[in-house]
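Multiple structures follow.
Next come two complexes, and both contain chain A; in the first it sits with chain B, in the second with chain C.
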Partner chain A sequence: MAPSVLIVDDALFMRMMIKDILSKDGFEIVGEAENGVEAVKKYAELHPDLVTMDIVMPEMDGIEAVRNIIKIDPGARVLMCSAMGQQPLVVEALEAGAKDFIIKPFQPAKVVEAVRKALHGDGG
Partner chain B sequence: MEMDISQYKDLFITEAQEHLDALNKFLLQLENDPNNLDVVTEIFRSAHTLKGMSATMGYDQLTELAHEMENLLEHLRTGDVPVTTNVVDTLFSCFDTLGAIINAIAEDRPEQIDFSGLVGEIRAVTEEPAVEQPAPEEPIVVEAEVAEPQAPVQRATEPEATKAELTEPQAAEQRVTEPPAIKAEPAQQQAAVPALAEPVASSELEVDEADMRRYSATPGMRIMRLTVELDRECLLKSVRVFMVFKKLAQLGDVLGSMPPVEALEDEKFESTFQVAVATPETGQRVEKALLAIAEIASVKTDVLHEPALEARPSGAAGADGATDKAAAGLSAARRTQSVRVNIARLDTLMNLVGELVINRTRLAQIAQGSNIPDLREALDQTSRLTAELQDEVMKTRMVPVEHVFNRFPRMVRDLARAEGKEIDFVVEGKEIELDRTILDEISDPLIHMIRNAVDHGIATPEKRVKQGKPARGTVKLSAYRDRNYVAIEVYDDGEGVEPARVFDRALSKGLIGEDERRSLTDDDVLRVLCMPGFSTSDQVSGVSGRGVGMDAVKSKAEALGGFVLLAFEPGLGTTVTLKLPLTLAIVQALMVEVSGETYAVPLGTVRETHVISPEDIKTVQSHEAIFLRDETIPLLRLDRLLECSHLLNGAEQFPVVITEIGPRLIALGVHSLIGQQEIVISTLDKFLKRVEGFAGATILGTGRVALILDIPSLM
Partner chain C sequence: MTAKEGSASLSAIQIDALREVGNIGAGNAAIALSQMVDKKVDLSVPKASLQPLVCIPELVGGPETPVAGVYLNIAGDCSGSILLLLEKESAESLAALMVPHDLAAGAEMGVVKRSALQETGSILSGAYLSALGQLTGLFFKPSVPGFAMDMAGAIMDYVLVDLGSAEEHVLVVETDFTVSGVKILGHLILFPDLGTLATILQRLGVPLE
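Moving on, here comes the complex of A and B:
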């Protein structure tokens, strides 16, 4: 079965793009969320194999969302989507339990690589 | 894998516009409440998202400007730059420029917009306080933070404050000199760090002899040197290093690295670095663990010391849980909630529904002639379903007026500032929905109406105070449902309209003659105001008073099947109301017959129907009128107006349809009433557009065409 992915980003445009990239590569997009609160709720509901998570979002930011998701499921695989110039936030997210990150602007090949690695690699 | 980015352009434009609206809205809020940090955060977030989107699309200009803005906003957020008028003005200019660039992109205009002056402005307002306050310069502050050994702990306890500082790219770069990533690691790794600072002569990483001895003595421990290569295009190398160290710390103890940690943190290396680690794991397993990190191109392992005893099985958890989890997590909830549909598709859908409605009416008419109960029943069902379908299609086309209203607070603010007026702008009923097509069309008329309110309605604070009014004027924009119409109202508590001045002006402009001037009453004000070429403003201001305003509003309203109303109280205020049908395509109508022809009267304008006798008709000022209860209603005989071949003789009773547009009533005399029915409106062709009295045509169930009466133009 195709791995299931939950896409979290406050920009519809970004969600569309990630969705297109991943669905072209055979992933199944099972849900979308536009803020951290929604992301946590959807995670609990859908238990996707992977979450792509924007950092700067309204309601609850991506880092807080990662913390909450990890609380629900310590094995959750969350891939952070970050803009340039956010190193410290990325580190904070990784410390919170995110598996990996990708940097905007996205290159499809890199997104797919990061997603594959997060899914199939050694979770440690 | 290549990707065609252009397919996302429309979506990008739409969303970028939404962000721009939000930015304007929040900045207005901030201007009124400069200490509201929440609003700053909202603005920051929108700007940040816009930047990310633009970068993804490769729109460098947008990215650059959004980035400059973000810098300024960051300073507002931390409070080291106060929210001054200058700052607000600069941000507004930024938004305007962003808008211009977005428009250029939307229209495929390739030219670059020069905003270097604006960037200078942004930087100037950002620097301002540094000049005023002899506060230490930024790098010093940063250094002080770096020297603070508990920095990572601080970050954990005050995530908000630190995050805010760090998103600013320059600050972030400087902060990299502080090694937060590594320090946050488990103690054993930190202990290993000092050893790394020693100069390493060899081109390969050597492990400290003491470490070699100690770990070699530990049963089951391997000591290995890993050569890790990052992708050439890797963007945040220091973070990748952090991830490698973190992973290794989970597997064993990090003994050292080359180049040393500080250099790795500063990204002072090409793409390859070496790490020494003592671990019970096999080389293969360590390699696999590191390769699971994105942008790690390769890992080479040199085992420097094999354990004396066989390695214990690792306690580290595998990654095999994923499949179980996937199976368990599958639920019916897997679906997407919304899709964006091109408006043209919805138009086509609406047209098809329209055709369906016509055919249903036709079927119903055929069925009337027959007496088959089953057919009747099936038809009833079809009717119900068609109605539901139509309702749903209509709903998909409805958009809250908010989409158009959102831009006006900014406009009123700018106008008020330009004219030295103080205005509270109130918006009500943002959630009211209108057909998308109508909404797109009313933006311009609303701009005229609001400009008029600000320009001609609200006086200067001095003048208002002299008149005993509060210095701040109020302009209110509200939307509400009114039967089959949506009313959009612009109210101002300003000067009101002085009919005499309006008429005199029309006279002086030659729009009306002397005789006409004398016969005009207050009821004629709107008509005169809406005459092409009329303007009440004594000076032509930059924004309105060019004599196109109300004329344009009226013709647009009528083109959309709506109308304009005016209410005023000299010296106290003016209300201009735009009444619009909910939808353009399908309306309820009262069908009437005049001299063998069928006509449709939009039901939204119908108040009641009556049958009158010749003696009910009185003559008032040489015009026919009927008295109904306490009202005198002008009578308009359609057969005479339309110059029909068959006219009613003076002795017959006949039905009248009382139509109502705002306060004005008119009784339409017809030959017979047919009944209420849904009609699909077809607009008249261009060459028929100028025909007064008709709003369009509709196809009847019989296949014949009926004209739709345009009630406002008959008033």
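Moving on, here comes the complex of A and C:
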């Protein structure tokens, strides 16, 4: 069965890009969210195998969302997608429980590689 | 040029240090842009300067020039704001390069292109902030960006209302990129809040007197 992915990013363009990259590689995109609040709600509802999470978002940022998702499911696999210049935030996200991160803008091959790594690493 | 109170009285070496931040930031931005459009990006030597706040609309051809603006606030160790202004034609060419037709299938093209430009603003600003962060050892946290296509004067009015306590002079980095033969003309403007410029200059090793 194709691994299920929830894509979280406030930019429609980024969601489309990630969706395009991952669905071409055989992943099933089960949902999208445009802020942290929505992400936590959709995670509880869908329990995807993996979440791609933007950091800077309205309502609730990606780091707070990771904390809340880990509370619901300590084994959750979250991959942070952050823009260059937000590296200190990435450290905070990893401490909050995210598995790994990729820096925007990204190349398709890097996204797929990071997603596979996050899926097959610890925490399952 | 006569120096107005406060921030304008910078020495040549201080201006030079700020210019260097702009140059490195523009280099980062070119790499980021190249990855986003998946094409080679040529960067002309960026021109960085300190400009009076009131002169910003003139940089892009006057207050009535149509532009695309991406605006965000900075928090963290220092506060301020960033505005990326792209000439309307440049913005449209860039959006067309970024959004392949098949990607936008099922969604309204205009909405996707808007989002693509907003995200570009966010990533390019990130590239500059990253350079500034590396050179100063300070952390700058960007906010969610706002996006507008309007006349330069209208966009500046909005920014001025938001600014509150800004320095009278701002750091302007003029950046010309060429992507697949298409010229993208833009200005990235850093509005430091009062005190931020002093902190940045101190960290760069050229403190205000």
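What we mean here is this: the second predicted complex is superposed on the first by the 121 of 124 C-alpha atoms of A that agree within 3 Å, B and C clash if a C-alpha of one lies under 4 Å from a C-alpha of the other, contacts with A are read in each partner's own complex, and residues count from 1 in each chain.
In this section, contacts are C-beta pairs under 8 Å (C-beta built on N, C-alpha and C of every residue); 3 or more make two chains touch, one makes a residue touch a chain.
The model shown is predicted, which means the values in this text are computed figures rather than measured ones.
When the two complexes are overlaid on their common chain A, residue A:P105 makes contact with chain B and with chain C alike. In the superposition on chain A, A:A39 makes contact with neither chain B nor chain C. Chain A has more of its residues touched by B than by the other of chain B and chain C. In the superposition on chain A, A:S4 makes contact with chain B only, not with chain C. Of the two partner chains, chain B is the only one that A:A114 touches; chain C does not reach it.
With both structures placed on the common chain, the touch criterion links A:V51 to neither chain B nor chain C. In the superposed model, A:I63 lies in contact with chain B only, and not with chain C.
Of the two partner chains placed around the shared chain by superposition, chain B is the only one that A:V30 touches, whereas chain C remains out of contact. Of the two partner chains placed around the shared chain by superposition, chain B is the only one that A:G75 touches, whereas chain C remains out of contact. Of the two partner chains placed by superposition, chain B and chain C are both touched by A:M16. Annotation: chain A residues 10-14, 16-17, 20, 56-58, 83-89, 104-107 touch chain B in one complex and chain C in the other. Those residues of chain C that touch chain A in the shared complex are 28, 32-33, 35-36, 38, 98-99, 103-104, 107, 111-112, 115-116, 118-119, 122-123, 125-130, 133, 139-144. Those residues of chain A whose C-beta lies close enough to touch chain B in the complex are 1, 3-4, 10-14, 16-17, 20-21, 24-25, 28-32, 45-49, 56-58, 63, 73, 75, 77, 82-92, 94-95, 100-110, 112-114, 117-124. Partner chain C is touched in their complex by these residues of chain A: 10-14, 16-17, 20, 56-58, 83-89, 104-107. Looking at the complex, you find that chain B touches chain A at residues 1-3, 8, 11-12, 15, 42, 45, 48-49, 51-53, 55-58, 155, 159, 162-163, 166-169, 172-173, 175-176, 180-181, 184, 233, 235-236, 238-239, 242-243, 246-247, 250-251, 285, 288-289, 291-295, 316-319, 321-322, 325-331, 333-334, 336-337, 340.
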